[in-house]
Amino acid sequence: MLRLFGRRLLQGLFSIIGASIIIFVISRLSGDPIVMMLPNDAPLSAIEEMRRTLGLDRPLWAQYLIFIQHALVGDFGNSYRWKMPALQLIMDRLPATIELAVCGLLFSVAVAVPVGVMSAVNRGGWVDRVGRVFAMLGQAMPAFWVGLLLILLFAIQLNWLPAFGYGSASQFVLPAISLGWYPVAAQTRIVRSAMLDVLDSDHIRLSRALGTPERLIVWKYALRNAAIPLLTMLGVYFAAMLGGAFVVETIFAWPGVGRTVVEAVFARDFPVVQAGVMFTSILFVASNLLVDLSYGLVDPRIRDAR
Amino acid sequence: MAQSLQRIAAAAVFSLPFLAHAQAPKPATGSLAVAFGAEATVLDPTHSSAGVDQYFFGQMFEQLVRTGPDLKRLNWLAETWSVQDAGGKPVIDIHLRKGVKFHNGDPLTSEDFEYAFKRQSDKKISIWTHLQAAVERFEIVDPLHFRLHFKEGDGSYVASDLTLWAMPKRYMEKVGDEAFERAPVGTGPWKFVSRSVKEEIRFEAFDDYWNAEQRPHVKNLTIKVIPEDLTRVAAFKTGAVDWIDAVPPAMTEEFKKLPGVVTASYVAPNNMYITMDSVTPESKFYDVRVRQALAHAINVDAIIKGVLFGQGQRYVEVGIGELGYDPDLKPYPYDPKKARELLKAAGYPNGFDTPCYNLTTPREPYQKEVGEAYFAYASAVGIRCKVVGMEYGTWISFGRRERQGYVDGLYSNMWGHGLPGDPGTPWAGHLHSYVPGKGWGATSTYSDPEMDALVEDLKREMDIPKREALIKKIARIKHERVAGGLTTYRPLVTFAWRDKVTFKPWPMAFWRSMQEIGLKQ
Amino acid sequence: MRAEMFRGVPWLALLVLAAVGICAAGGEALLPFEPGELDLGAAFKPPAWISGDWASPLGADNLGRDILSRIMAGSRVSVIVAFYAILFSGGIGAVAGMVAGYFGGWVDTVLMRLIEIQQSVPAIALALILAAALEPGLPTVVLVIVLTYWAWYARIIRGEIMALKGRDYIAFARVAGVGTARIFLRHLLPNIFNTLVVLATLQVGQVILFEASLSFLGLGIQQPDISWGLMLADARQYITNAWWAITMPGIAIMLTCLASNIFGDWLRDRLDPHLRQL
Amino acid sequence: MLLSVRNLQTHLHLRRGLLRAVDGVSLEVAEGETLGLVGESGSGKTMTGLSLLRLLPKGSGRIAGGSIQLDGQELTTLSEAQLARDIRGRRIAMIMQDPMTSLNPVFSIGDQVGSPLRNHDIARGTALRGAVVDVLRRVRLPSPGERLGDYPHQFSGGQRQRIVAAMAIGCTPRLLVADEPTTALDVTIQVQIINLLRTIQDDTGAGIILITHDLGVAASLCRRIAVMYAGQIVETGPVRAIYRSPSHPYTQALLAAIPRLGAKRGRLTAIAGQPPSLIDPPTGCRFAARCPSRMAKCAEAPPVVDLGDGHSASCWKLAS
């Protein structure tokens, strides 16, 4: 387990370094990075200073080393617009984004697991049918559109739920649905097919033969097995949630990284864009690592592997 | 509405000097939440890089003079001020108001303004140092009296409310710039409490505020930041906030009908115009007749009504209320026939194709759609537009001469300013010829020595009535030659609040100043 | 046999996809109105069944432009984006996956690392940074999707190839001295073709949604190009005035995505059942 | 009689048609007795075992006729809930073929062995642990107390089959249905498991139905054997009788296929031909197509011929 963890950690580090190269290369794509990194009305002094700190007179690999050297100590430069370190700006906003992504993921899992299980147990039943339509719709609608329609219905028309804000539980509802609806279909499919496999397995047949109540068979003995394939994909879905958060945050006035970075793109506030993208990548890698580790919780075979 | 505002403002002008300590104001109570569609980035006015920054710092910081709700200039932190002549060079002589305190209790003195002046002249701190370039020397006469010595005349200094912000020197030197950004201290009616970027800023009414008459009547104010229109509207309708800015134009009619809701619309000081290259001889728009044809081709009134839901105000060169506004200057009438004739006279009987660049990032409501409408009208008379969309980042480079040469075709543009406004500075940027490195014509598409001379005169002129006359003169010539672009409209911004709220819009922060807001008793 | 092959074909889904295809291919000729044509007098004309007329069955937007015409014109952008994005991401992914799976060793290691790196940069973040570096627009949208999805293809194709490689006839072909190129073209490609078709079909919906998201953020398709995502993004300003302006393109997106997903699911069950976890 | 099955009919409703998996099976098991149910795969022996507990494929499987009586109680008319509560795991328990897949990989063996005890209210709460340890001790699992928290993958194949056995005997069932309990195991382990089943029977006095394709295994454990072919029992009788004088041609063929000591193990498919489809079975003797001593009469259903001493077979050859 420890060795596995070590290997994964190393792989993760490797990925992050790779990501930093991608980010760096793209940021140099358009020729003079100064044009891109500073707003048009930037004072001359700022341009000169940036030229110096970026080492633009040196070869590309040396520039990358400078970039990574700064990045390692958390120095992505100061946000031109916000007059504060880009890193701080991003870190302050990271928790809100993570919370939103987690809530979105929770919503999707909370829908996908029961629907997947029920549709595997009673194929063609009403839960199966309604659940599948619900899941397919989520996969066919842009998250921001869903968000707007939800606000129109639940905030403006019915006044049941708040349309914006960050803090109380009710404020999470609409953003979490907008964000978490999309992966429901895929997750349902995973749970459903895993459940079908498991329900057809010898140990479930044995459980049944020994008189275990159906309720326990489905929701305890089968589900824990069927959860493993879903769990292995959660890292990917969490990443998708982070991506989706960039869009949903704008709609719901969510104080997260996504909105900050999107606005920074338009304002050509490149330190913020770099730091934001870098941290999303790190978060992504970290979440995958966490998921890898969590298999062990559900699957004892992994716990003892190697 | 306008009448009542005027009356109140007039009263304020006369009564202010006596009111400062006349009576102890009742401490405000209660809480109020409002929502803005856009967010300021920095809280220190010296760091400001965009007008939107005023939304927050404009509630906490104050200037020497200020524009009142009726768009008349009021002496604010300056009890009196005057432009004097000292051996051929102008001097602005300022007496500070007595008894003004910063939020931390420090009294306001001349040193604070000297400190502000130094920071506003420091290239490392401010991007607006050119505004101080004409000031030669800051002279402190006594703690409440100082003088600004100018190298040469600088009309924009006067036009932009004497530019200086009252900054607490002692406090700032103690805590440093970074800490100040996180806990700013000014003289304004609102005291900073806390801020969460992309979420909200919290203020508390400043009990020791010097102006007992015009001040908030609620203790706590929270400004939420909700950029998405529908979400902001939902926040208001669900009662999460009691005041919102920028009601979407498409919803203003609906809002006016809502029971228990008050709305008010004001001109946003952003002047929309269409630019075209009139410098390069090869440009189709080098010929004044083609520019006039364009002016006749576009039905701005129909666009305001149809696209903007009436939430726009047509203007010709100088907007209503702005210095030098000339009611006699009329826009080119919508006349497609005349437009075609002018094109024919210019040698384009069959019209011509041209690229037309449209800003797709909505800096103002429905700007993209307005652009599409402009270009559709132009195409109809023969100025056949091949529309190219541009997001903000591309667009802003587009207008900068030092980054990009003259661009063929049409593109939509705008200039913003404080209220009531003075066209001197914008004209120096887009009407005067481009002079590399001198600051003239940074976004210019026009070149004319006669116009250059007039704009330079205006730049130096500090006497208000003389400025006004000069502006009117330039505006007429500019209009006739369709020089420096075709002016079209200024957007209206609509505010809505529940009738339990009392709110009088002050033009600071583009009418979002919370100078006089409160809850009905 | 024929009947067996077509059993359970989701005809409705195919019909929707065909309609989208025809709108995209038919171009200007099919459009009732010129999609950019302004008619301020007809602004917010409601759909025919409410109080509009059958000239503009789905109503008009804020500038009086016919929504049906714009949806039809927008289908072209959706199809073009989907076509190029799928062509390149599928092509690159398939080649990379085949090469890695077939040769194994360091080639495979390098590719797997590349895939991991690729997948550690979320698509939207990549889009943001590319939009900051390049100009947003159709080519950038395609580029972002290709950069994001090639790894998806590569990973799956690689697995398929590794399984295939163990089969006798491939091993035999190698021993018999059949050239590598020939093995790729004659033996490997036909075997992964089904998988490629399934992946490509399932990608259509994702591409359309991604384009919509980018356009919403202002980083996607730029005016005067018309895309469904852009229509949604624009129409949200009038959501309370003219619900149809935002609903109609949304429904177009929804139907197309549903159709391609349903069709993709069907294809998968038919052609490549072991891909069901996708 | 502990178990008495009369004319059992089990049908599977498949898309291709109605499959008569068990077609008129009758058998009896006495207390403490072991019955071997022998046949090749597809003969319906496993389906017979599953029919006893009505564990038929959901939706398609159905008991269409006959009766199953346990201690005189009719099982075919019981509700699903009654079956689960009183019969499955309580009075009839099952041991499945593959110990590697019969245990749930993600639950500890303590949980799994305890599950039938909990569900049938044999032991709960704090007593449960003691009961589980006790059962595991009875199946001779080494140091059971320390291994309750371990997971199936931490045990060897033989140990897992012991654990499966422990799950089955926890509630001291009256009847054990052991479906190929040794097939997946090594020879030495097979012997251990066979010995274990014997011990269990001695301890509890339970009846056992041993389902196997391996006549050798059946011979070593059973007193009586029933041979199944194509959904029907073709011959039944005491082990000795069947081995000494197999009467049905199919049984004879089976015995001929048993490998001699030292020879390579062969499967029962050594008999030429395929068993008939059970969707549309032949009307007469079902073995006829493959039978070396086929005659014209075989086109009609053969009679059950009593050969004395509880030995009987269905074959026209014997009737004449």
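Order as written gives the chain letters A, B, C and D; numbering starts at 1 within each chain.
Just so we're on the same page, a residue touches a chain if its C-beta (ideal position, glycine included) is under 8 Å from a C-beta of that chain, and two chains touch if they have at least 3 such contacts.
Because the structure is a prediction, the values reported are computed rather than measured.
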Contact-graph separation of subunit B and subunit D, given in steps at minimum: 2
Closest chain to global C-alpha mean, per-chain Cα centroids: A
Highest-count interface - the chain pair sharing the most C-beta contacts: A-C
Centroid spacing, where centroids are CA-atom means, of subunit B and subunit C in whole angstrom: 45
Whole-Å separation of chain centres (CA-atom averages), subunit C against subunit D: 54
Gap in Å, rounded to a whole number, between the CA centres of subunit D and subunit A: 52
Between subunit A and subunit B, centroid-to-centroid distance (C-alpha), Å: 40
Multi-partner residues of subunit A (at least 2 other chains): 148, 152, 156, 250, 265-266, 268
Interface hub residues of subunit B, defined as touching at least two other chains: 228, 230, 233, 361, 391, 393
Interchain contacts, given as pairs of chains that touch: A-B, A-C, A-D, B-C
In the complex, subunit A residues that touch subunit C: 11-12, 14-16, 18-19, 21-23, 26-27, 29-30, 36, 136-137, 139-145, 148, 152, 156, 182, 185-186, 189-190, 193, 229, 233, 236, 239-240, 242-244, 246-247, 250, 258, 261-262, 265-266, 268, 270, 273-274, 276-277, 280-281, 284-285, 288
In the complex, subunit A residues that touch subunit B: 35, 39-45, 80-84, 89, 92-93, 148, 151-152, 155-156, 159, 162-166, 250-256, 259-260, 265-268
Footprint of subunit D on subunit A - complex, ascending: 201-214, 216, 221, 224-225, 228, 298-301, 304
Interfacial residue positions of subunit C with respect to subunit B in the complex: 36-38, 40-41, 43, 62-64, 132, 135-136, 218-219, 222-225, 234, 236-241
Residue ranges of subunit B touching subunit C (in the complex, touch as defined): 228-230, 233, 248, 250-251, 254, 302-303, 305-307, 358, 360-361, 365-366, 368-369, 372-373, 376, 387-391, 393-394
